[in-house]
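Each structure below is given as structure tokens.
Shared between the two complexes below is chain A, which has chain B as its partner in the first and chain C in the second.
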Partner chain A sequence: MSTAEGTRKETMARHRFTAQAIEHGKARSVEGLAPWWADFRRSAQQRLVSLDVPGPKDEEWRFIKLGPIVDAEYVMDSQAAVEIDEAVIEKRRIPEARGATLVFSNGRFQPELSNTQSLPEGVRLTTWSQVAAEGGADELEEYVGIADYWEDDVFYNANGANFDDGAVLVVPRNQVVETPIHLLYVGSGEAGEYAAHPRNVIVAGESSECTVIEEYATFDGGTYFHNVVDEVSVGANATVRHVKVQRDSTNARHMARNLVTLSQDSVYEATAVNLGAELSRNDSYARFDGTNVECTLDGLVYIDGRQVHDTHTAMDHALPDSKSYQLQKTIVDDRAHSVFNGKIFVRQDAQRIDSNQLNQNLLLSRRAQVDTKPQLEIFADDVVCSHGATVGQLQDDQLFYLLSRGMEEENARSLLTYAFAAEILEDIQVDSLRQRLESMLMRQARK
Partner chain B sequence: MLLEVKDLHVSAGETPILKGVNLEVKAGEVHAIMGPNGSGKSTFAKVLAGHPAYEVTSGTISYDGEDLVELEPDERSREGVFLAFQYPVEIPGVSNSQFMRQAYNERRKAQGKEELDPLQFDDLIREKVKLVDMDPEFLNRSVNVDFSGGEKKRNEILQMAVLEPKLAILDETDSGLDIDALRVVSNGINTLAGDDNAVVMVTHYQRILDYVQPDYVHIMTDGKIVRSGDKQLAIDLEEQGYEKLAAQQGVA
Partner chain C sequence: MSSNIENFLDRPYEAGFHSDVEMETFAPGLDEETIRKISAKKNEPDFLLQFRLKAYEHWKTMTEPDWVNAEYEKPNFDEIIYYSEPKKKPKKDSLDEVDPAILEVYEKLGIPLHEQKMLQNVAVDAVFDSVSVATTFKKKLKEAGVIFCSVNEAVEEYPELVERYLGSVVPYTDNFYAALNSAVFSDGSFVYVPKGVTCPMELSTYFRINTQDTGQFERTLIICEDDAYVSYLEGCTAPQFDTNQLHAAVVELVALENAEIKYSTVQNWYAGDEEGKGGIYNFVTKRGVCEGDNSKISWSQVETGSAVTWKYPSCILKGDNSVGEFYSVALTNHHQQADTGTKMVHIGKNTKSTIISKGISAGVSQNSYRGLVKMTPSAEGARNYSECDSMLIGDRCGAHTFPYIDVRNPTAQVEHEASTSRIGEEQLFYFLQRGIDEEDAISMIISGFCKDVFHELPMEFAVEAQALLGIKLEGSVG
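Now for the complex of A and B:
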């Protein structure tokens, strides 16, 4: 009998995955934990006891098989510390964010590689491990667990039952943070197959502005599991730009919930770029808690080999006078498989909504697979909504045009593939990041 | 002989479109191929560039002594064949200058010449842009995206000016142009045309021949060149119309 199976019986959990998550959570230090935080952890553990892992019969999960994530035996991240030095990090640093970078290795904060000196006074950029050590948890309570409608999600609870590290950003009202903030998570398989549960909490005060780059990378192609929860609270009249770059090891697994709450007159612009991981899932949910909100959830997925990725998003217009935009592009090569489900809800009283959603998929191989479901549910009458999905190959007329100008077919194909993807990057305002992603896509397109 | 087309038959799927085209073009010559809609003249232009929608079922195309039909579209281009598209294709995400530099360098590579880096190419393209009277801002935009009809055609001529082809085939480049754009396009063609290369203009209208002097005019109807002559033929055509001229098949 495996350890996990033993734990499953002991905790009466319904699955070894939840049993492990409970066991790991209970093994974590409670030192420095504010009472609300300890309660939060305990409640998540309790909920995990009665939850089962989702299977093919669950509508939201039916296209992917979670085996690689839920059947694995994990080492706790706290026991899988791997020393990394500047040489590993250097080329991944973003010059614009040099004085505003938090580095995590195998889910654990690395203070000696991090630097927050470029941030204006009053901006709080710290980590949960530092909060536990130094205090100051109480002002964060109201921003954690605000997405209580996620409480029946196994992975959300596995994170809640465990999180003791991850980034905390609080931007006070009226503060414009010019320096982009870089959260860099580096994963390695060196110390065994670990499970880490980073929680990134981003709070933008009234009329504030900030840009967050959340990145997952590897230097050794190891096997590990990142189970991320982001909670983003965008205050009234505030602007948050959020770029996520997931290029975890292609042997790793990545699960992410990005839960966004938008107050009136706020702007949230997110771009999620998913390139890595053997199996990854990226869920972004935006709840419009005020009027005159503008929300963009763009995404790019570019996968090959046997990679599997699933993006689920929802934008919930509960109140009138808001805008939502979504351009989700996917490129699948070899035997890769990508899933997209994008929900847009316009509630009955949410009049004068403007919503645009487009999902474009490019299949580069016959064995590649795409499942897409744009889902628009409108209960109001005075709205302008458009949505659509396309699945196709490179366009013959574009290809012929390039060939007729002397480009070799292989180069023409990679240029068109690159161009398809690069459109998503156009809105990224951090130049070095955009250029880095562009050359990354160019290299991948030439592969 | 730069281009020698003999008894060319071409089909699109099961449908025969060209039914025995013969044409000889020498370096230094400008040819105009005129004809009504559906005569096959645009198909002929595209076949010369190697468009995959068409199949050569019989006949031959010899270009500079080579069997053109055997060459892939990109090889044809690198050998100096250029087609200005009737409907230039939009390519979002690829900048016009990047596109032209890549095309230019592919051609240079094939000629065994050194490739130009972005700065060197920028000098070259800025000179060429003047020729077509185009705002250099268009170089930074995605290829043909949000270009007007006239701008697209100028962009085709710009590409021609950059690639300096031996055989330029212009597929109704003059259609839908206002007089200013027509002058610009004509000027581009006249600048290119020299002793070492040839121009084949496929056109529906006689107007461009006021600006570009053809050495030969051919009339195509129903997949064949039915009459050939000098510029006078275009003038006759203007007066009498295709039907009448076509009826005099073989007289010229």
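Now for the complex of A and C:
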């Protein structure tokens, strides 16, 4: 191979998708970008050059086809701005979070629709676009790229190569934020099929407490691609409750990577509700950097039509004396396809780990499909780790119980389906959100 | 406490000796010529030679898989001796004619080859390296109509059966090691149970690897016709050598309507020394197909040996109401690595499968359960229950679980459970407090942990297996 050819190979991306992500990244404004941020973007672009788009031969991707995401031609989010009325947003607002809401439209921050006045002083709730305009990026450097788990992941790097918006929340030490914080992303296909790469960074200082609701919704059923990265740093003795609701358009695609690091005595409670998108993936990685940590990664997936959803989680117990819990429930109807992979790592010397994982799947249709793989990798002996997985349909005896009490079969079925799912919602402490999700589930179960 | 454990764990490999039997051995390395030579040596019919050659051609196009959860030095396929057999001697009618050196080897292993010493009702087809040297109880089986012989004999005497079934469950294209085996397999056991016959005794093969650097590639084929039943036992030990030896066997089971096959294995090959030097690579493809309705295949295994174990005895449940079972105890110690489990593929209606897997890891070993439960769209009303428990002994070993569950039928029910723990201080205390010493206590706890599997083993095997675990694990837990 000649030298010229060699250099060309090195600078040329291997796939149209990565080439696009690099192009978009290079086309973005560097104004106001702190040096570390520009570096971060550049190195992600460089890594993208050598990365392959994963295929069915990759263990982590074997059950889903990424075609709809990687074969599409995208408009840059910054060129796909869509005006939205307050009326559209109003019905999606969460009353408890009225004074602590950030609204994003097609991945771009909408200051007029946002409001942060109920937050106590000292709590920093802003966005990357504001940080670029107003400064203050340097103190955020250590909270970006907090774990290298997805260092070779195409989508993580596509986000890194592009992100210039998304929420930033910094809660100072000892601050308890009572008001839940609502991050609302609305997507629309009006201005073309765009790709947005929001990055939400949540930093909870020592002994602080906060609740974050991260929501993705649509008002026009458009086609677009959200490629999200969340980074959550939970300080010592801090508590973060993180509810994610993904109700993207059923023509849209959603890819999410949620990185979490947990310091000593911290608590992280996450609930991910995935209902929308034609093709979605929601991955979480939690690293236990301290002892006596409690981590919960719950999830609910309810999909139908030809929806495809994949959840991959990993709980990485690097140090001793922690607890982790996971309850993942999935309902698949019509021709939908759900994939789950839950890894629990217990590293050498990470003794006295108590870890419990359960994955339950409900198949409602003949053509629905579930692939699940709960996975334990344990290198320490003094541990109590268990996992379970079940796949099945509604139980005949439960159905019979309701029928024998005069309930019609259709109602009985939807009630049981609802009850199966509702368990996940019980722990959501924001009442209006929980009620909204419950009625949404009820409606879907009745369909 | 812990010194006790070490003593227990460090018991020497009791079957580790090497006997000098005169052997006829091919030069190491593999090419088409080697395969033709093996085939010619055995006077094989053309279909078999073609089968081997096709497999070899296919094998050349394949790359060695590397997804196993184990680290090992890849075998050098050019250094393996693909054929080795004891020097040819005239056919024997009784054991008196067998080379006394060989008999001595079996004696040391405690295998009662002599009929009078034999466990009642067990016929032994002993494979010494590649060639079957003695088959006992043949006459009695013949009366019942059961064919139990070496694959070589079967090729000569029942070529139509071999042609029909060989490669029907594990095609030569299946995987890298199955392709290699298909190309070079030297011998193995063949069982055919005709319609309506319940095999009058438990069949047993004792495999032995003897010549240094000999790859052992046996092929086992068991066919059970309608309403027939057979129970087959396979036990393995190997002498102590420093270099790794490859063992790539293929086992195929076919159960027709209402037939039942029970296949039990105790594997105690040389696991390498305490530093992880030497030991057998046990890369085996075992699969059974429940072809007929109401048929049943049951795998029971006790895996205690080998440096690296990589095998998944599987069931393809084609017939309606067919049943697949997998009961496994896998014990790893020192530097041993095991990646084992099963695959249950449900195709027929109301098919049922049960998976019980118990993994015990000690020393710096790694023990993985990897399994697949697949419910295809036609598997109406199918059921699966899986339970995978791991026990860790010491804080430098690992236990891993990778269960794959793929469901495409809403009427199918799948349940999977797994847990990982160690022998609790309280459990031990309970025993000690009642005057039972630590060694016995551990042995009892381990027996209890594995009892669901031991229950499934034939009587003689259960005893042997329990003793084996005892030997391998005396004094664990710190």
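By definition in this document, the second predicted complex is superposed on the first by the 436 of 447 C-alpha atoms of A that agree within 3 Å, B and C clash if a C-alpha of one lies under 4 Å from a C-alpha of the other, contacts with A are read in each partner's own complex, and residues count from 1 in each chain.
Everything below uses one rule, namely that contacts are C-beta pairs under 8 Å (C-beta built on N, C-alpha and C of every residue); 3 or more make two chains touch, one makes a residue touch a chain.
As the structure is a prediction and not an experimental result, all values here were calculated from the model.
Judged by the touch definition given at the top, the superposed model places A:412 against chain B, while chain C stays out of reach.
In the superposition on chain A, A:79 makes contact with neither chain B nor chain C.
In the superposition on chain A, the chain among chain B and chain C reaching more residues of chain A is C. When the shared chain is aligned, chain B comes close enough to touch A:404, but chain C does not. In the superposition on chain A, contact of A:396 is made with chain B only, not with chain C. Residue contacts after overlaying the shared chain place A:422 against chain B, while chain C stays out of touching range.
The residues of chain A lying in touch with chain C in their complex are 59, 63, 348-349, 351, 361, 363-393. Of all residues in chain A, those touching chain B in their complex are 396-398, 400-409, 411-412, 415-416, 418-423.
Across the complex, chain A is touched by residues 49-52, 72-74, 76-78, 82-83, 85, 88-89, 91-94, 99-100, 102-103, 106-107, 110, 142, 159, 163 of chain B. Every residue of chain C that touches chain A in the complex is listed here, in rising order: 67, 375, 377, 390, 392-422.
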